[in-house]
Amino acid sequence: AAGEEKVLTIGVDQEAVGLDPHIVTSFSSHRRVDLLYNKLVRHDENLKIVPDLAESWEIPDNQTYIFNLRKGVKFHDGTEMTAKDVEFSLNRVLDPKTASPGRSYISTIKSIEVLGTYKVKVVLSAPLASFLEGLASNNCAIVSKAAVEKYGNLQKVAVGTGAFMLKEWIPDNSMTLVKNPEYFEKGLPYLDKIIFRVIPEQASLLAGIKAGTLDMAQINDASTVLLAKRDTSIAVMQKPGINVRTFGFNTTRKPFDDVRVRQALSLAIDRNEIVTVAEFGMAQPTGPIPAGATQWALPLNKLPNFTPDYAKAKALLAEAGFPNGFTFKIVTANSFEGGLSVAQVVQNQLKKIGVNAELEVVEWGMYIDRWVKRDFDSMVELRGGSGEPDRFLYRTIHSTGGVNNFLFKDADVDRLLDKGRVLTSYAERKPVYDELQIVLAQKAPIIFLYCPFETHVMTKQVKGFKQVGYGSLYYLIQTQK
Amino acid sequence: MSRLLKNPIALVGLIIILLYVLITAVSQFWLPFDPLQMDVAHIMEPPSFKTGHLFGTDEFGRDILTRIMKGAGVSLLIAISATLIGATIGTFMGVWAGFLGGAWDHWIMRLADVLFSFPSLLLAIFVMAILGEKTYNVIIAISIVYIPQFARVSRGAVLAIKNNEFVRAAFSSGADRRFVLSRHLLPNIMMPVIVQSSLSLSVAILLESALSFLGLGVQPPNPSWGNMLSGARKVMLLAPWTALYPGLAIMGLVLGFNLLGDGLRDILDPRLRNIK
Amino acid sequence: MNSANTTPQPLLEVKNLKVYFPIEKGIIVRKRIGWLKAVDDVSFAVNEGEAVGLVGESGCGKSTTALAIAHLQKITDGHILFEGRDLSAMPAGKLYAERRNFQMVFQDPYSSLDPRMTAFDTIAEPLRIQVRRGTMALSEAEIRDKVLDLMDKAGLSRTFSNRYPHEFSGGQRQRIGIARALALSPKLVIADEPVSALDVSIQSQILNLMKDLQNELGLTYLFIAHNLAVVEYFCRRIVVMYLGTIAEIAPSEMLYSEPLHPYTQALLSAVPIPDPPRERQRSRILLKGDVPSPSAERQGCPFKERCASAMAICATQRPDLLEARPGHQVACHLYGQKGNTDGNHH
Amino acid sequence: MFDKKETVLSVRNLGTRFMTSSGTVKAVDGVSFDVHKGEIFGIVGESGSGKSVTNLSILRLIPSPPGKIVEGQIILKGKNLLEANENELQMIRGGNVSMIFQDPMTSLNPLLKVSVQIAEVLELHHGLSRKEAEKKVVELLKAVGIPDAERRAQEYPHQFSGGMRQRVMIAMAIGCNPDVLIADEPTTALDVTIQAQILDLIRRLSDSRTMSVILITHDLGVVAGMCDTVAVMYAGRIVEQSAVDPLFREPRHPYTQGLLASVPRLDSAWSERLYSIPGAPPNLADLPAGCAFAPRCAYALPVCRNAYPPLTEMDDGQGGKRLVRCWLHTSENSGEQQ
Amino acid sequence: MGRYIFRRLISLIPVLLGVSIIVFFLVRLIPGSALQMYLGTQVEATPEQMEELRRIFGEDRPVPVLYVEWLGRLLQGDLGYSLRTGREVLPDILQRLPLSMELTFYALFLSLIIGIPLGILSALKHDPATDVAIRITGLLGLSLPQFWLASLMVIAFSGFRGWIPMGNYIGFLKSPLENLRMLFLPSLAIGIGLAAVIMRYTRNSMLEVMQMDYIRTAQAKGLAKRVVIVRHALRNAILPVITVAGFNTGYLLGGAIVIEEVFALPGMGRLALYAIYQRDYSLIQGIVLIIATMFVLVNLITDLIYAAVDPRIRLDTKEG
């Protein structure tokens, strides 16, 4: 009814570490930033880049981007957002002292030029196809120059352009956001108030929604989701996320330096079974590009070595000199990211081709240590993915990639990645990445398994929310209750 | 031994323990199912005679009864080895401290005090984090928890015996400390140490399962009762039997050791013994 | 200066023995805040073949003295000469061999036997220890013969060999303790209240046994008891202790017929005699108060608070142990200290 | 001489057993005796002969299980205590009959002030208020010779020495002017000089209050000095009972004789050997058929091993009676032979 | 008394110092480092950033130096900053402390009110069958794995609102009743084991006390059975039990770790666990130190209770 305050209470399992969009890394912080700040461009629900603070943009050559800003956008403190703030924000991200994780996304920026109050030109030192993707990151949000100068950093305050404003923050308990009446999209948001409640346990989040003390929560734990699905009084919203569960090899170690061995292993993996057992069916098998990025990802039946074929796998093994299989170790950890269940299923599946996988279940800190030191035969991971193939695959699998801890080096792959990076139009890039996906499936340095669903559970009254694929709460702007 | 058999509590405890030992022995040769083999078609099936899964199946479709049987050996191995190691080192320390007295005593017991003020589970977690999750590290972690406990018990026992006149008699016949230690003190503190051991065995089972429950103990897919429960946690509300039976298995064995320990304590209690 | 006894060299000589226990306090660093003077300047001698009694109330330092003599207790000061040699100066490695010369019999027949050792093993233990140390060369068979012989001597049936202490009565245990003490054929046997824990009828068995053994083996005894009657029966000479010091030393008949020290007098009168008419007629000297704590700092005569004949000097000056008459020493100001040896107040 | 006096407490054919894992222990078996007004009645005997159990049975303080009074009567002022109900018993305990125990170090509750522990009895039996009782406590403490009684009353047991604690126990026991004080080895744990003090105190209190005392001890010297009448116990039975002088002068039962002969005496001349009774005390769970002392007795007759001797009454040579349980004396005196 | 407390407090210092040393070095023995954990698997850092981070994370100095630095700050009441969240450690811990203390306190309370009466009953019951039954029940309580019991509780009570906390913790001050109801099951899960221990000790202690001479004295005075038990036996019997209870708070605090995990309670045990996983050194050190302090303080309190009840201890203090 009109006049009544519309409050949405959302349960989160972790407290925000801070609110400065350029600094934060934690998932929980990003979820607040989603609502408090805007970027030049953003993702829509299909992970496509769409305008946000930039009304439009031009790409005269593959190293130059010119943004036309929205007019009349106000920061929460009432000042207007201008090209100066954009320049300041990007420079702040680039400044090593800020230690922004966003820096690596846009480090190719050579210069930023304010062309007018509402126009900015950015020149890159090298072509980077995923540049816009980088700008769509919360870490490249536009902040108020004045506010930064006033507060030093923005960890505890929020002076953004977002649809909601920070009202109250009681650490480890709750955070209250209220509607920004000056929000630039007229009529939005519908909600008057959003309250974040920190409830660490997944089961309690569900309990809260059942009890009506919460309106909505993101739930990662598959069994809890399963329970939620049984309850007809609540709504469960699911969609493949952009994170990718992988089973990767240290390709410098024997026998994984032999592509036939990797292919054989890939042929022995049944992704559907893994999804059924380890994720209770709540994930989507994927290839090298997260299945949710529909504009890029190839269907799995187009990818070689993705359909189990044990005879062929055994033949490949024999060819590689392991007619009786071999023994190796899978590093895994007893946490969601560590994928213990997945490792157990993989171990079980590999028995079919006579390969004996031993699990090295290590504690999370040790797991990271092994990851950093690249000390593993193979490892089950949950990789932070991206809807943008350059962003995800370049760092993951290019021989110079920052997180290529598979130590994979392949001329074809490098060539394709480099090629995809300098092109700017979708039409030009698409065939390159199609080929890359097939090459990667062929060479199998990593066995891409599945993308876990992103799941939001909510009461039936909550309407209009859309999932993006990485947990973003952006669409709360359009949500009604 | 005959006194042990006359004590109903100890006897029941002993029978329970022997039962578990028997199960462990059987599990070496025969198991109803393969404890590691997953069966995707039969995930989380409730207990049933028809399917042969008497205790149901877990989230990977593995037979729970089989895994419990397989886990019995691990639990027994860990409990027994950890207690043995902890008892040996702790008793040595305690005897050393109690016998030598003075500064040795002071510092050894201070160290024990310090270790004591760590909650035992936390201490075990620390050790596991340092050593890494290996079955033998679980043994080490638990024995480290036990060292101060045994040190205390044995020190107390030594102090009680040290001033007995037979110790003086041995010295006055020309015995040296080593002789007195090995001939008089050690044999005489064995009983309290044994009682403590049987109670420690029970706590070791609980500690192992708590560690595995927290993901720091025995590594999956090898079954231990603790990691079975840990795995069951995710699906507990969907399939309660996955949590029920491993827990009952733990409880049974722990109860066995507790009964034995309590019974032994009775047997050793001079109040109950001296009635002629 | 020599007494009636004509033995030239005493077997055991205790000279100015002091055993102090530190009273400590402190948490991290222990500090000594005082001394408990369990034995404070005690001197006496035991001649070969003699049985000397040591009596006194509980806590007066009898056991501590005994342990010091057996070299089982570190001494604070003084000398203990065995056959004229001061063993306390001896390195530990050599002392082991000397130990066979003096052995102890303990008070408590329960705690003095290891509950996990058979009677045979208990008695054989001293022999085995000495064999291990190489001070004796005996085969296991010889040890066996010797132990069985000792069991015979101690009045224990040979069939008891394999029994454990809990299967024996108190008297039998004490016999085992005596057999053990005799295993090394000691010259001196220190018996610390060997019969206090026993019933009267058993007590006499043990006393007789010890006496027979003395006659048979020519043993020398230092016999400790709190029961004057027992000591008087068993010993030819008696040392009376009070609060860590010696009050009086005298041959037993002399001590009984003519005690000099007021404490000895009170002690004697307090011992009940199993003869109703005599007991009823006896005039009792009832002492005031309790035995003071040995940990308190003290001055003057240790007995001054309870003494009916205390004088001014008693409060300030500690009396020396002086010979009041031949063979009879007393530490009391009543008996004219310094030179006035024949002052007799009776 | 005490025959003329009135009997305060009469124990008739008392039998107390303990059911233990190794059989039934006949701790007290057919014990009878009378305690007269103002008399000190001694019970001697070796450890385990049933002295304590006899006296605990009088107040029905035997721990049960395993103990049980199986037969007999205990008559106090014409009433059989074994038939008394719990309330009556409570009024008698500490009121008409009170007890003190062997070890003064453990007989007092360490957590309660001395005054409270004594006052408790007075409040219970005399219905005094706490205040009145406390006043009386100080008087009592003075009566038992505790100096500075007002202050000491407010202290805790551990602040007292052993002798003092025994005095406190005595003060507690005489608080209600009991008819009978049972003192179970009251001085065994004390030094000789302290023992003399305590015995002297008991003697004086008994005289001044005409209170009967049952004095349990294993020290024959104590009996000699303190008691009017004495009973000698062996293996749960009274084997000889008599006025004190005749018993010591001329013990009749071989056990009594042996006991007396085996004690070293200060007054006797230095002798080479003491007498000693051969053998060891019997196991009460497995008593021989006949006289329990027979296996150790030098005069044992064949009959001694088969049948338990009846009680023989004889003259004590000073106008009183004495009782002996021994076949030697039955055959001599009444010719009653089987 | 004041001096006694003071002396006891002083005596805690070496123990806590020992704890601090052990925990400080122990956490650094755990493979992997806080910095790695901070970077995780996703973040890339430039060399100069790494340099800076290394300095912030203290990886450029030897551990003993770090210890001395830390100790110095500790003495000023500064437990340092969490490397993970960048926040001060102390407020974070203090925020979790009430829950942990409530949990421990309720568990202790429950175990005492369950354990002591049962123990007394078991000791006073002459009927051996009842005694054995009570004892076996007690041992059963001791044999229940806490986390399992807690899990069963979650299953059984998941339908009842307010009994299973599952994350949302309501402070005692905010709503005592809610707080009690919510923490009842978790406390019970932790306390049942201790209740069994307490029961056993009470039984033994009671049996022992009932054999003491002063009980016989009290009976001989004519006191009614009830009075003998309550006034003379109980007090003496419970004294050692109090000490045992204090000594077992370590067990409770340890139990809290798994129970907090199962019931998803934001307590210190759980914080400790995650701090270990995350290699959040200052946080672990702070928590362990505070847990150890709690442990020794509880033991101090039990000793004080003991001293308050037992006059023999009081004398010691006068002398000391």
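So that you can tell them apart, the chains are marked A, B, C, D and E in the order they are listed, and the count of residues begins at 1 in each.
By definition in this document, a residue touches a chain if its C-beta (ideal position, glycine included) is under 8 Å from a C-beta of that chain, and two chains touch if they have at least 3 such contacts.
Because the structure is a prediction, the values reported are computed rather than measured.
Colleague: Moving step by step between touching chains, how few steps can get you from chain B to chain C?
Modeller: 1
Colleague: Work out the mean Cα position per chain and let me know which chain is farthest from chain D.
Modeller: Relative to chain D, the chain with the farthest C-alpha centre is A.
Colleague: Using mean CA coordinates as chain centres, what's the gap between chain A and chain C in Å?
Modeller: Roughly 90 Å separates the two chain centres.
Colleague: Measure off the straight-line distance from the CA centroid of chain A to the CA centroid of chain B, and report it in whole Å.
Modeller: 46
Colleague: What whole-Å value do you get for the distance between chain B and chain E if each is reduced to the mean of its CA atoms?
Modeller: 22
Colleague: So the centre of each chain is just the mean of its C-alpha atoms; given that, what is the distance between chain A and chain D in Å?
Modeller: Distance between chain centres, rounded to whole Å: 93 Å.
Colleague: If a residue has to touch 2 or more other chains to count, which residues of chain A qualify?
Modeller: Only 203, 363, 365-366 qualify.
Colleague: List, in ascending order, every residue of chain B touching at least 2 other chains.
Modeller: Counting only residues that touch two or more other chains, chain B contributes 129, 132, 237.
Colleague: Note the residues in chain E that touch 2 or more other chains, in rising order.
Modeller: Expected reply: 14, 30-31, 154, 158, 211, 276.
Colleague: Would you mind writing out the residues of chain E in touch with chain B in their complex?
Modeller: 14-15, 18-19, 22-23, 26-27, 29-31, 132, 135-136, 139-140, 142-149, 151-152, 154-155, 158, 200, 207-208, 211, 250-251, 253-255, 257-258, 261-262, 269, 272-273, 276, 288, 291-292, 295-296
Colleague: Mind listing the chain C positions that touch chain D in their complex?
Modeller: The contact residues of chain C facing chain D are 57-58, 169, 171-172, 199-205, 207-208, 211, 226-230, 232-234, 252-253, 256, 266-280, 282, 284, 286-287, 290-291.
Colleague: Under the definition above, what is the set of chain E residues touching chain D in their complex?
Modeller: Residue positions touching the partner: 126, 211-214, 216-225, 231-232, 235-236, 239, 309-312, 315.
Colleague: Which chain A residues qualify as touching chain E in the complex?
Modeller: 17-18, 25, 96, 99, 101, 103-104, 171-172, 197, 199-201, 203-205, 207-208, 211, 213, 337, 363-366, 368-369, 371-372, 381, 383-384, 395, 402-403
Colleague: Residue numbers of chain A touching chain B in their complex, please.
Modeller: Interface residues on the chain A side: 203, 221-223, 226-227, 273, 276-277, 333-335, 340-341, 344-345, 347-348, 359-363, 365-366.
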